[in-house]
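Note that the chains are named A, B and C in the order they appear, and that numbering of residues resets to 1 at the start of each chain.
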Amino acid sequence: MSKIIVKSLKYKYPLTEALALNGLTFQIERGEFIGIIGRNGAGKSTLCAALSGLVPHFFKGAYGGSILIDGINVKESKLSDIARKVGIVFQNPFTQMTGAKDSVTEELAFGMENLAIPKTEMVRRIDDALRLLEIENLRDKNPFELSGGQMQRVAIASILVMLPEVIVLDEPTSQLDPQGTEEVFKAIKRLSNQGMTIIMVEHKTEKIAEYADRVMLLDQGQIVAFDPPAKLFSLSNLEERGVRPPVFTRVAKGLDIHDQVGLYPVTLESTVNEVQKVYESH
Amino acid sequence: MNLIEVRNLHFSYQNDHDVLKGIDLTFDHRSTAIIGQNGAGKTTFVKLLKGLLKPVTGDILVNGINTKETSVAKLAAQIGLVFQNPGDQIFKSKVYDEIIVGPRNIGMPADEAENMTKRALEAVGLGSKINHNPYDLSFAERKLVSIASILAMDPRIVILDEPTIAQDDPGKQLIKDLIKKLESEGKLVISILHDMDFVSETFTRTIVFQHGRVMIDDDTKSVFSQTDVLREAYLEPPHITQLGNRLGYSETYLTAEQFVNDLLMEKKLKSNIN
Amino acid sequence: MTSISLYVDKKSIVHDVDFLTKLIYCCVFIVAPIITGAVILGTFSFLVSLILIISAGALKKLMPIAALSLFVLLSVIIIQSAFIQGYHDVLFTIGPVHFYREGLIHASSIVVRFLDILLAFSLIVLTTHPADMVETLQRKGLSHRIGYVILSVFQIIPQMAQTMKTISDAQRSRGLETEGNIFIRAKAFLPLIGPVVINSLIGTRERAMALEARAFSAEVKHTYFRDEPVYRYKTPVRLILLLLLIVSIAWRLL
């Protein structure tokens, strides 16, 4: 059974005219890693907000269609109930800290306190999350004294302890330095390996190509394509949609290196292999 | 001629430990990327160039003027700094009004100020949005507003702190073209960046900062050929450079186009020999 | 980035006392001297609080508070002893100003009362973790939304100060003069304050979303990660305090 079933989802922000989401229908299976790409304004963040219930419970506006997550209807559920199913992580690690807690452990406990989780259970989940994200050494630090990459991992951990089945990440690394970006990607990869469903908006197509099982390309609030990375990045009109394929794919396209069904390599490894095949047979 | 000279620059915020530990650099008109880990001192360095902070020891000369002996507002006509977060400056309710603030502050004649404002708006592709409220625009567009507001003051030196944050590919392309255009007009663009692919495609010169010191300072190609040193600074070469390295090419590739051209050439040569 | 909380993180017998007991202490040591009207009792209360603060190792943080209030106290003394009509007994004279004995006595009783209140409150603030205060109140029924607002202020105000600094830099970078005469400063007001307001509004909205994602509005009785501070001698101490209050009332009536 699909984990997430979205049917003709439409949404318009208050005081605007254009539909931010214009008839999305798709399904996501349990444990998939989904990348969402597209130009600014394509509807990526709005889709994240819809999957996590912020649309329509935090942002009002006109809503049509439905999202079912694990059998619960997002539109008809309360935000705090949706939060148990879906966690969301935003771009700016800074505004995700509560500002009311002065250690990382207490910061992580915040969501569980709201859900009335007993203390012993909190401690267990916090230990698990700290270990999984490799931030055990930060447990007693003040959240605001951390680096961007560390703070963003704390933000992810603070969602993780609520044991959601799906984590939605809206450009979680765009404000981080290369090291912080790498730390966060590794952490997300580990979550994915543990069987968690990951939905991630990201401009870095090289990363998406490496990590995602399937990639959704949005434009003007609609799905242009929703395919495995190799198929999606092999499409010919991506630039018109405001997306540059991974540099590896651009190289392969330039060299006309593709498989029998016309798919280009999209990751460093596959491109190295394919180029070697062609250029060493000469 | 050197537009900026930095001599034996040391800086610390609270006399405890030095954020910058002895920097000697000169800048000519070549576009220059500054890369390095967070906390390496990059932002502190550009604030010093701009005169927002003053050296503890050492001197900075901008167009021959020592930053210690002038005010930030007076330097504004010479050197512009675009902050990382556009929200740190925008206070007008129309894009046009926001951008003309700088030219007026530095006492530009009215018609020239209007002219420069319009040109700056065209340069960042916001010509059609001059009457919008900046806060109705996306974050990426607001960033372009803040870039335009500096360009409109027509400074000889433009510093950009993380210009590509939140930009999509068309936005990055626009900023890349803009930097190249400014360089060709003889202006100096200095930019702090985390996106190595963008650096390799855009900048002539690259400086690597680590722990308050300059670790490498060279043309971009030479910098990205020093894989081991980069790794020490927790940086990775651009993806295309990595591809070239993995395939065993001695050439340090900076763009996909260059890589493709070379390989096609190689193929052609080989087939001619055969 | 630090918190603006005045809490001194140490271990001491005063730190061990729970927030409610301290609150009772505070009330009794403020109310009792007022009820009895005895300056000597006020002085005694004030000294007890001072000794407790010293034994908690929090004297250093008390200094800035004391220095600030010194200013107020000095003006009280001057006004009370020199500028109130109807006193006769001149104690000493500085220039054209006469200082009266009755005034000084009256001023000293005000000063004692003020210091008494100040130190009793300082004792609580300096030796109780803000989260313990708020959580104690929440356990007694304070809404968790209000509790959050109180706690977040400690960290968010220093952040706003940081933002102000950045904004000032960004505007100066565009040639805005922020220093000089009153006219120049007035002109710089809008460019400085505008972004601060908008920034904090945007920050607040983002933070509100992040809080919602962590079930902030869940309608259940919360649990607490911090252990409820338990004070072993809570009952005897509270009883003694209560007794003190009764004695002071009795003293007044007799």
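The definition used in the following text is that a contact is a pair of C-beta atoms (placed from the backbone, for glycine too) under 8 Å apart; a residue touches a chain by one contact, two chains touch by 3 or more.
As the structure is a computational prediction, the values presented were derived from the model and not from experiment.
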{"item": "Category of the chain touch graph - line, ring, star, complete, other", "value": "complete"}
{"item": "From subunit B, the most remote chain by mean C-alpha position", "value": "C"}
{"item": "Where subunit B and subunit C are represented by their mean Cα positions, the distance between them in whole Å", "value": "47"}
{"item": "Chain centre separation (subunit A, subunit B; CA means) in Å", "value": "29"}
{"item": "Centre-to-centre distance between subunit C and subunit A (centres being mean Cα positions), rounded to whole Å", "value": "44"}
{"item": "In subunit A, residues with contacts to at least two other chains", "value": "none"}
{"item": "Touching residues on subunit A, where the partner in the complex is subunit B", "value": "38-41, 91, 147-149, 171, 174-181, 203, 206, 239, 242-244, 246-248, 250-251, 254-255, 268, 271-272, 275-276, 279, 282"}
{"item": "Touch list for subunit A against partner subunit C, complex", "value": "49, 52, 54, 57-58, 78-80, 83-84, 87-88, 90, 92, 94-96, 98-102, 105-106, 109-119, 122, 142, 144-145, 155, 158-159, 162"}
{"item": "Touching residues (chain side subunit C, partner subunit A) in the complex", "value": "1, 3, 131, 144, 148, 151-152, 154-156, 159, 203, 206-227"}
{"item": "Subunit B residues within the subunit C interface of the complex", "value": "47, 50, 52, 71-73, 76-77, 80-81, 83, 85, 87-91, 101-102, 105-106, 135, 149-150, 153"}
{"item": "Of all residues in subunit B, those that touch subunit A in their complex", "value": "37-39, 138, 140-141, 165-171, 194, 196-197, 234-236, 238-240, 242-243, 246-247, 256-257, 259-260, 263-264, 266-267, 270-271, 274"}
